[in-house]
Amino acid sequence: MSSFPYLTVTIAAPLVGVAGIALLPKGTGARSKQIALGASLLTLVLSIVDAVKFDVGGPRFQLNESYTWISQFHINYSVGVDGIALVLILMTTVLTPVVILASWHDDKDRPRPFFSLLLVLEVMMVGVFAATDVFLFYVLFEGLLIPAYFLIGSYGRSGEQKRSYAAVKFLLYNLLGGLLMLAAVIGLYVVAERSVADPFSFQALANAVSSGTLHFSTGVERWLFLGFFIAFAVKAPLWPFHTWLPDAASEATPGTAVLLVGVLDKIGTFGMLRFCLELFPNASHWFTPAVLVLAVISTVYGALLAIGQTDMKRLIAYTSISHFGLITLGVFAWTARGQVGASLYMVNHGLATGALFLLAGFMIRRRGSAEIEAYGGVQKVAPLLAGTFLLAGLSSLALPGMSPFVSEFLVLVGTFEKYPVAAIIGVTSIVLAAVYILWLYQRTMTGPVAESVSNFKDLNRRELAAVVPLLALILVLGFAPGILTKYINPAVTQSTTQITVAPPHTVADAARAAGSQR
Amino acid sequence: MGNTGHGETFLFWVGSIISILGALGLIFSKKIVHAALCLCTVMLCLAFFYMAQGAVFLGVVQIVVYTGAVMMLFLFVLMLIGIESQDSLVETIRGQRWLAVPFVLAFGFVLIGVYAHANLPEFVGTDAANAKGGGNVQSLALLLFSRYFWAFEVSSAVLITSATGAMVLTHRERTVPRKSQREISIERFERWGKGEKVSLTGLPNPGVYAQHNAVDTPALLPDGSPSEASVNATLRGRDTVRGFRPLPLPGARRNGAAVASRGDAGNEEVSQ
Amino acid sequence: MTPSYAPVAATGTFALTAWVILLPLAGAAILLIGGRRTNRWGHLLGCAAAIGSFVLGAVLFFALLAKPGAQRSYDQHVYTWIPVPGFTADVGFHLDQLSIVFVLLITGVGSLIHIYSVAYMEHDENRRKFFCYLNLFLAAMLVLVLADNYLLLYAGWEGVGLASYLLIGFWQHKPSAAVAAKKAFIVNRVGDVGLSIAVMLMYTTFGSFAFGPVLNGASSAKVGTMTAIGLLLLLGACGKSAQFPLQSWLLDAMEGPTPVSALIHAATMVTAGVYLIVRSNAIFDVSPNARLVVTIIGAITLMFGAIIGCAKDDIKKALAGSTMSQIGYMILAAGLGPIGYVFAIMHLITHGFFKAGLFLGAGSVMHGMNDDVNMRHYGALRKFMPWTYVTFGLGYLAIIGVPPFSGYWSKDKIIEAAFAQGGTSGWILGCAALLGALVTAFYMTRVVLMTFFGQKRWVPDAEGHEPHPHESPWIMVVPMVVLAVGSVAAGFLFSYHNAFVNWLSPVTGFSEGHSPINTAVLQVVTLVVVALGIGYAYLGYGLQQAPSTPPLGSFATRAARQDLYGDAFNELVFMRGGQYLTRVLVYFDMKGVDGVVNGVSAGLGGSSGRLRKLQSGFVRSYALSMFGGATLLIVALLLVRG
Amino acid sequence: MNPDNYLYLSAILFTLGALGVLIRRNAIVVFMCIELMLNAANLAFVTFSRMHGALDGQVIAFFTMVVAAAEVVVGLAIIISVFRTRRSASVDDANLLKY
């Protein structure tokens, strides 16, 4: 246990901003955006400190802290990060200031609650990635819904009715998943209580599972797996649990949508990777074919639906469904390549889709419509906007040189090793990705200048300041993904060694072994 | 300590019959006052039972507090609401009675069946317990101020809260300032000036110039006829106005017609 | 001679390899980030980066030349790109005889076209951006040919796709350009699917996708797997090189500025498929079946492109058809195996010269004709643009294979090699190649006649400006002249003492083919065939004027004008079908999947609406239900307790 | 006589009280029926106190009375204020709080 509670400080840092906003004298509510930006930047700095403190060669979980919370049920407030959680936290802390910067005018005359909610959301997002107590994870997993619900329902597009429909749908859908997970958490506790001293501690559980101390009967393990998996599949979201995402993402403000799709949904795939695979390895294996089918369907289905959309934000939401399919594919590929790729994909997708959402938001803000038909020839009047949009789009379609390429390829290679058919079907999505991104670009940005966009202003400094860091990160990580894989690799290798199921034997492994003998 | 003494047995059978009749009366009596009295009867019977079972203090409290204070409260409220409000026993909610009766009967059977089948221990009697503190009251006090001290304190808080609550609930804030007598008077004259039938001098008090000064005795008008307006509407509605025997005055035959006309006018005034 | 892949670490001069790429990459980055500030000197920087890269390439070439044949293979490891357990993707560059040839072609032709574009794009407000994209293209293309593993090659592969997308759609305000750019990218992506699956298959087969393990291990791997990899690579090559059935994008790609068509869609990028196949020779050597498919594809495209070239009135599209056809030749040659690899590359280089020259000539003509591309509106231009006429003419002679121009040397070898394949397939392929030569001669003659000969058929452009044909400025003429010199001399130089064969054979391997026909006879036959083509074209377009409006033509002509219905097929099957599919899916998602979700919630809402009526507001019914509930509860408890 | 009879009596009284609550509409009568139920419960308590020879039952009965008193006070106050506004003491008339 480290002497200084680095993680807790990082988690709580945005609360400083919330307090600051609350203490603002009357009439100066507009200042809250500056405070929020400051607090989120502070969090970013703190998370970078965490990353520096993290010893890559050290044990899997570091910066651990644990305090007793509810002793009767052995529930602790315990946090700690492995490499995957760390990079996801970094992604969160990068996205939040960007979102705040991009949402500068999205607050609809109620800046205080808006920015406070954003910060509270950040607290919970960082916390959920850092939680190493299953119960704490669950609490934060559900708690996230509250600020997210208000952010979707109270702000965002003007249509009150559709917005509240989307918000309620989001809330109910995720609550339903969360309830299944709660049942599974309780079931896990009941089973684990007999053999594990610390039945809510993830590390203790994972160790017990891998050492055989904790043994589930087949049926129980499968039900528990399903409880967790469906919650995560709703969150991720995977076909056919996806319909809340396009509604929520298109009704929320662009900033909220970024956090929703970029961070919140990652909790689903993160949870699959950490909880489903490590706590229920046998059940995960048993369910793998089914999950792969869902993942492949999501990939192709999301892409096809993205092509058919007429609303920019819905389109981007559907592309995310396609990408989440790929991430799930990587998670359940049971190869180090696939899982590193999936982890990396979570970060890269956050950055790429985040940039895309923000830019779409800037356009919608100028034009007041999300309909693709309402645009045309933007490139002529706002070249910077078009250029950054194209860059973000290209990264979304996984062009080499952009970071998503690395992760997408790793996922597909990792899947191909064991499940070539799934990988081959998944690969077709790169063609579909080209179709939906470039067709979107063609319809909005190129061609003669549409009447309605002729007075478009190009991106201003603030908007550039929001988008350029994301694009720069995408490029840097595209050329040097080693920056992140340095953290992710040990986490994945350590977790795959923990999974007691016989290590997947692949053609590639055999070939490598043969090569090393030579 | 198997069976009770004969005295208690007698008391029980008499008392239980009376209390069950009282309870039936409570349920089925049309007039609320009767119901209240029936309840009083039940409570008094219960007070005797308490005392017979060694709970002397409770028996006294039952009489003093329950029957004395609480039931009086009921009667006061009854008075405020109006004694005339009678409860029709016709059911308005569809199916309520048809469901209520079997359910209640089932409940009663279950309850009695439970008692009948329960392995109830032999009765110990309260003598020993009462003797511990030197008497029922003292022994109760010992318990109240030791084991049940917290509950006791909390119940006092409950009482205070309920008292405050009652005051808050029944208090009515005036929405307009109260009219002074002068204002009322001026208003009355204005209305009279507009031609409305208003008695400028105010309504007559009951019993004035009459044989009796009880509230149910109408006042007499200067012409000797009784003024219906002088009697409370409730009493009039119940037709309990004391009969009036006109005094043998000169011209009494013409006055009868006058009484009728004045009476109508008075009614109108009251209803305004 | 069997090729082997055994590079040594690049040191000294050879460590400059990375800089060949970095120069244009830096140029692109500066121009992109610099934005408008670099408008004034951006084109100069672009040219400087390209020329600098060419100079470096030349230095490397001479350094290689100084080494003995077996030691001309160097590997420069730059850094580890994707470090993941069991999967190491490096950024590393491989320099050998094959890649340096490409480096010189790319940077050489690239530099010339950069220079040409300075003038060609002078009046375009986005000239700086144009040079940025061109530099980006150079960098990506160099990555493609210098990569020492298939993943990096794939990165370059997609990079050139991006550059091609950006440049085809350079005039984005034209919807046709934007559509063409998108189409090019998407069709290329279809090919990329093949390439990426091939890379994955390599990884699972060899545990790596670096050239070393793959190429050295191919001979001992299962033939079936190698056939699969070969076919997947072919799919990639088809996308990039516009081979049947992924040929449709190339004609539309002519929407881009002409220098782009010259550089990307004639000389370099579209030939990447040929490079891929030749580079993977070890894989194809193992699998005759894969080679056979390659030759078939090559032969089909050869005829396909040539036929399309005959019918097009748009000068650039005619040339694009020709490009398709010539690459068909190359693919055909590459599919022949060791007897063809070298000639595929040789034809690729000579084609790079003369086709780039032809396109630049076409650009020069358009420059003088108000950007009109319809050949029926040309005529008699030889007097007005003598330089263009001469350089274009030399390119023309080269492409149809008139000795001693360069096309003769390379194309003839391919025809010979095709016959040398032997057996029925050899005869069929050889005859297809001969027929291709005939048609090439026909349509190229047609282009030249319609453009430079005959009478003026000029028409004013849309704004009513009469065309005033004039010679282009010297800065455009010089590159054309240089390329013309290349078209004239390259073939002879390459064939002198078998210089090219000797140069490349350590990489690609070479075996002398044995043609069933006497070589001399075949050469005569070829020349006769070419002469027939010229003569037929002269009958049609030299002796009589081409009408300003195209005649209806025969069924074959109409089909060729429609790109042999390739686009129609795509539109019907993929676009319409895809649109229908997505529309159905959108409907399904809305009514089906979301319908279930909303249906469940509506059902819950409805039933709770009914249950709500139980809340009648009557205290006594509540009391009744409580009482009944209590009763039932007690009874239940009693029953459970027994 | 077996003192168990007190328990049967309390059960009968309780049941009658419950019946009254369910079928009477006048708020005051309903209230009185509730009082009857409370009293029946008290009787049971006192009887149990006697059965066990401990005074706790009496204490509970005592508290019941206290709470009943408090309840009566508040309940009657509510009845009065309802009567003031609605001119009715029928529990069926106060049914606005519904679906």
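Which chain is which? They are A, B, C and D, in the order written, and residues in each are numbered from 1.
Following the convention adopted for this analysis, a residue touches a chain if its C-beta (ideal position, glycine included) is under 8 Å from a C-beta of that chain, and two chains touch if they have at least 3 such contacts.
Please read these numbers as outputs of a predicted model, since none were measured by experiment.
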Selected interface, B-C versus B-D, where C-beta contact pairs are more numerous: B-D
Averaged-CA centre spacing for the pair chain D and chain B, given as whole angstrom: 16
CA centroid of chain A to CA centroid of chain D, Å: 59
Whole-Å gap between the CA centroids of chain A and chain B: 70
Inter-centroid spacing, chain C versus chain B (mean Cα positions, whole Å): 102
Numbers and ranges of chain C residues touching at least 2 other chains: 616, 618, 620, 624, 627
Interface hub residues of chain D, defined as touching at least two other chains: 18, 22-23, 25, 92
Residue numbers of chain A (touch at least two other chains): none
Every chain pair in contact, whichever chains are involved: A-C, B-C, B-D, C-D
Touching residues (chain side chain D, partner chain C) in the complex: 18, 21-23, 25, 30, 91-92, 94-99
Residues of chain C defined as touching chain B within the complex: 616, 618, 620-621, 624, 627-628, 630-631, 634-635, 638
Footprint of chain D on chain C - complex, ascending: 612-613, 615-620, 623-624, 627
Chain B residues within the chain D interface of the complex: 2-4, 8-9, 12-13, 16, 19-20, 23-24, 26-27, 32, 35-36, 39, 42-43, 46, 49-50, 53-55, 57-58, 61-62, 65-66, 69-70, 73-74, 77-78, 80-81, 85, 87-89, 91-93, 96-97, 100-101, 103-105, 107-108, 111-112, 115, 120-121, 123-126, 128-130, 136, 139-140, 143-144, 147-148, 151-152, 155, 158-159, 161-163, 165-167, 169-170, 172
In the complex, chain D residues that touch chain B: 1-9, 11-20, 22-26, 28-29, 31-33, 35-36, 39, 42-43, 46-47, 49-56, 58-59, 61-63, 65-74, 76-81, 83-84, 89-90, 92
